[in-house]
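Structures given as structure tokens follow.
You will see two complexes here that share chain A, one where it goes with chain B and one where it goes with chain C.
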Partner chain A sequence: MNRAPAQSRPQHRRERPEAGPWPHLLLAWPSLALTVLFLVPLGTIAALGFFRRIPAGFFEVGFVTDNYARALDSFHLERLGVSVMLALAATLITLLVAVPFTFLLTRRPRRAQVPYLVLVLASLSLSEVIVGFAWSLLLSRTSGISNVLVRIGLMETAVAWSPGLWAVILAFVFVALPLAILSLYPTFSRLDQELPEAAGTMGAPPLVGFVTVVLPLVRRAVAATAALVFIFVLGAYVIPQTLGRPAHWTIPVHITDQAIMKNHLPLAAALAIVLLVMSSVIAVAIVVIVSGRPPRAEPSVPAP
Partner chain B sequence: MNRVLRAALFALVVAYLIAPLLVVAGVSLNERQVLFFPPQGLSLRWYGAAFTDPSWYRPAINSLLVATFAALIAVSIALPLSYVVWRYRVRYAKAVMAMGLAPFALPPVITALGALALWIVLQSYGRPYTVVLSHGAFLTTLPLATLTVGLQNLNPQLVEAARTMGATGSAVFRTIVFPFVRPYLIAGFVFAFVLSLNEYIIAYMTVGFTFETLPVKIFASLRYGYSPVMAAISVLFFAFAVVVFAAVGRLGDLPRLLGADETD
Partner chain C sequence: MTPRPARLPLLALVALLLAATATTSLAQPLRIAVYGGYFQDSFDAHVFPLFTEQTGIEVESIAAPTGMAWLVQLETAARAGQAPADVSMMSQGPLQRGMTSDLWVPLDESRLPNVEFVLPALVNRNAAGELVGVGAVSWFVTLVTNTDVYPEEPTSWAELWGDHPNSLGLLALPENSFLLEVTATTFFGGTDILDTEEGILEVVDKLIELQPNVQLWYRDEGQFQQALQSGEIPMGQYYHDVTGIAADEGFPVRSTFPAEGGILDSGSWAVTRASDMVDEAHAFIDWFSQPEVQDLVARMIGTAPTVEREYLSLSDEEFAAVSDAGTPIIPRYDMYLERGDWLNQIWSERVTR
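On to the complex of A and B.
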């Protein structure tokens, strides 16, 4: 359907004309929409964190620091710590599965990949609400795995694994895995098909070939994926809320609680800014550590 | 790598992604209003309820409306933006592009809180169009990503040839660029549509229960009274997503839409 004429990759230097008013007219709507719907809301949150809360209504304009003081008190810092640890654990498990899986998937013929890609896309699009519901069933006492294990005689009595720490992590990995696979997919599928075989003919065992030949080539994509997954999981609300005990409630649960239930928008905003700063710092750290070099402005999609 | 290891890993991933849905599918077949697995008795009545009970089909219609218009908005932002970045040298275009890609680099809850704050300040909290606009901007990233891949695959020499033959800018767009990126545009629309349909936290923070979408409804019944209808709806959602993506895979080249190179 979309077969392009034979060509080299886009490294092509193209002549790009500055053609009068056209590009600016075309950009008017995207600029307006994204400014109003993305930039202004972010700025509003940044400002809101300093506003004064009115108990009866929403908030009034002001400049107070108590919201940030509360966002950084020992309770919320501990919540932040829990959120980061949970997200890091989920990110690590996700990558340990996604990297070899995506690599092996892209070594298969195109046609054979399609069913897996359809499954991955469908899982990715599954609502976090449905994921939370599904895992709460799967890990429950009356309708879950443990119930089935009892029936086939592998367990004595059925137990409930949800809510609990592992319920949260398993569901995090469930939503993160499809995201990671799709994020790694472009780079992995552009890897030279013969690379690992070349390593093999030179006498390297498969795993050694993978670690020494393939991994160095995809480090940047893996790093970007790790950061993406970490941020995505750190911002999840429904899963810790439905599958965790209060001890596993992450910052997004408390942000939502303050914003909707407690009507304390300024505190929610301050928490959101703290979360934003924290997630950016850790995401950059992940990229630097995993890729072994400072982050670049552009995404790492094209193959090295 | 070892054949057995590969088969084991593939089986593990597939089982992991399918197991929760299998249990949900089983639960949806219970005869009485219980959430047992394996199900007790077999009945399709909860699937019927999903279509006849207004407290379930109204949110479904709301969700379909939101997803349709939000995906249209996402595409209307992404198409001119990706085209200008690809075709012209405009300095601030990259900044606009960054705004379009940024939502996926933010924890989702922050995007949702930003939407809540924006619509409260504009005194529009709870109006149906707020969730459409906020979803549209949030999901722009998806068509932006597919269109960028598509335009990278378009041979610039084609465009130059057309120009030397005297084609105007708009003729080039109509006859060369648009037909070429159409599959990527459709894929981007579909991705945005399906994700909007399933999105919870932004919908909850912009319209909540005043214009209930299906995920908001499911979450509410998750907290205040389980029902097998939830399971039936979840199965329908997953089946819908599989059918849509399988159709995309049949009509187009799915690996290429997702960023793989030319057919090998």
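On to the complex of A and C.
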């Protein structure tokens, strides 16, 4: 029904490159929104990082490099390293759970998938604060899971698993998992059911078929999901402070402290810019490494 | 079929206009910011209705976050000519920072006759000598313990350095924990040692000896209170008033004024320069400084009064419940103003790590 107009549109474009003001106007709106809602605040924050801190007061407009220098000193670089390692670990574990889960989920009949998808969507609605507090209780010595393990004889005494490194990573994975599953779901459900079956018919055990046939086909979706999860987790600031010890306080925790508790907005802004640059570089690197090619809008066309 | 869909937006617009006219015709309430949660609930229940009844001025309470966070919001808003609240209860550190950046409106002392009752230390003046803050309430941060885990009440802050591995909950930042003052008073005979950077470093060396005892450096009070009540983290520093309420509700917790004294911090009323209700703000501050109101607040909310004891009608027992006869530990606000950024850096690099 709508094939005819779809075909005629490229022709139309070839004949008359000037299609009136409408395409420009339609493009102008998102561009304007992007400029106003993203670039302007970003520019303000980048500039704020150069403003002069008034130690006993607030800040004044100026141009000093102290804040960026402090944001890049050994203490904050170490914190940045910890933040990146924590986020990478959480991303890896999330993918190790989400990829097989989504694959197995999309192999099931549509009707059987619904309860799982509802569950995933529901857990997406929990805020980081609720997740952090819930896990701090679940991992506590006095009322946590270890009491159940003691009750059924698997452990001698109840222990506190929070605050600690694994408490932070566990909560990161918990908040990132629904995001990862929903991001992988469309690609996995479009995957031809017969491909893994064919691999099985030709003698590949299920795991080998999954790794050699399925994974290469979904590589780009996995790469995009990895970048998404990494950036999402890197920005978390409630979980590291409720479930972590000071050694696990990430850069976002320190940004919050500087901005909210220490009244030092210029340093908070400089730290935010450093974090933004670092996370962008690493996210692009993840996409390049996992998908095997640099991110671009269109697949490259082989030369004739 | 019916013209309904077309008429609906028009009706909505009319309703909106009517609503807008209705709200602008009402008198604007005086917006007063106090800490959200227990403070706001208590002020809404016991204080603001009485003020409205006696003066006819309507009040809208605003839930403020911790002092520094609220200061940042007020500063940013004032730069844009906005006032998220007219009057704010500010703790002493943020109050003084606001003075440096001229955030507060100088108050007219001739319209505040009751300020004469307020403790001199809480009649806050800026560098030019103008009155910008008036003491509202005081509160103590004390040594708190879970009574199931520690049946015997501790007596000294030195207990924090005792044999209690992974048992303490302490506030995470220098300027809300005041642990440097506690360490200096407990081990160095007072806070004078904090006059110099060398002295501060010496105190930091002593303070970090308690690191193995710390289970949680907390920013969120709720998280520590829950852990203290359950015994998960059985010892630490916390607010005397809230701990008293938890104990009254039957939780196994106690607040102790150690031999070295509790930490005494105070909130003062201050008015942001972006407020357009300065007259009503004066009326509220003067009303609140009356000894009768201070009596009421001490009885109903459990905070320590900011008015000289001699003017109050509190019995010895009532006074002892909200305050302590001993000498309190007074935070070195000057230290945070003078060396705040340096101190924060030392703290991040050495104390919480």
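Miscellaneous remarks
Everything below uses one rule, namely that the second predicted complex is superposed on the first by the 256 of 304 C-alpha atoms of A that agree within 3 Å, B and C clash if a C-alpha of one lies under 4 Å from a C-alpha of the other, contacts with A are read in each partner's own complex, and residues count from 1 in each chain.
Criterion: a contact is a pair of C-beta atoms (placed from the backbone, for glycine too) under 8 Å apart; a residue touches a chain by one contact, two chains touch by 3 or more.
Remember, it's a predicted structure, so these values are computed and weren't measured experimentally.
Of the two partner chains placed by superposition, chain B and chain C are both touched by A:Ala259. In the superposition on chain A, A:Ser143 makes contact with both chain B and chain C.
When the two structures are aligned on the shared chain, A:Glu128 is found in touch with chain B, with no touch to chain C. Put chain B and chain C next to each other and count what each touches on chain A; the higher total goes to B.
In the superposed model, A:Ile54 lies in contact with chain C only, and not with chain B.
Of the two partner chains, neither chain B nor chain C is touched by A:Trp166.
In the superposition on chain A, contact is made by A:Pro246 with chain C only, not with chain B.
The intersection of chain A residues touching chain B with those touching chain C, taken from the two complexes, comprises 58, 133, 136-137, 140, 142-143, 242, 259-260, 265.
Residues 65-66, 68-69, 71-72, 75, 94, 96-97, 100-101, 166, 172-173, 175-176, 215-217, 219-220, 223, 226-227, 230-232, 337-338, 340-341, 344-345, 348-349, 352-353 of chain C touch chain A in their complex. Across the interface of their complex, chain B is touched by residues 1-7, 9-10, 12, 14-19, 22-24, 26-27, 29-31, 33-42, 44-45, 48, 58, 97, 100-101, 104-106, 110, 113-114, 116-123, 125-138, 140, 142-145, 147-148, 151, 173-174, 177-178, 182, 185-186, 189-190, 193, 196, 206-207, 210, 228, 231-232, 234-238, 242, 251-252, 255-256, 259-260, 265, 268-269, 272, 275-276, 279, 283, 299, 301 of chain A. Contact residues on chain A toward chain C in their complex (touch as defined above): 53-58, 75, 133, 136-137, 140-143, 160, 163, 241-242, 245-247, 249, 254, 257, 259-265. The part of chain B that touches chain A in the complex is made up of residues 1-2, 6, 9-10, 12-14, 16-21, 23-24, 26-27, 35-38, 73, 76-78, 80-81, 83-84, 87-90, 92-93, 96, 99-118, 120-121, 133-134, 136-138, 140, 149-150, 152-158, 160, 169, 180, 183-184, 191, 194-195, 197-201, 204-205, 208, 214-215, 218-219, 222-223, 230-231, 234, 237-238, 241-242, 245-246, 249, 251-256, 258-264.
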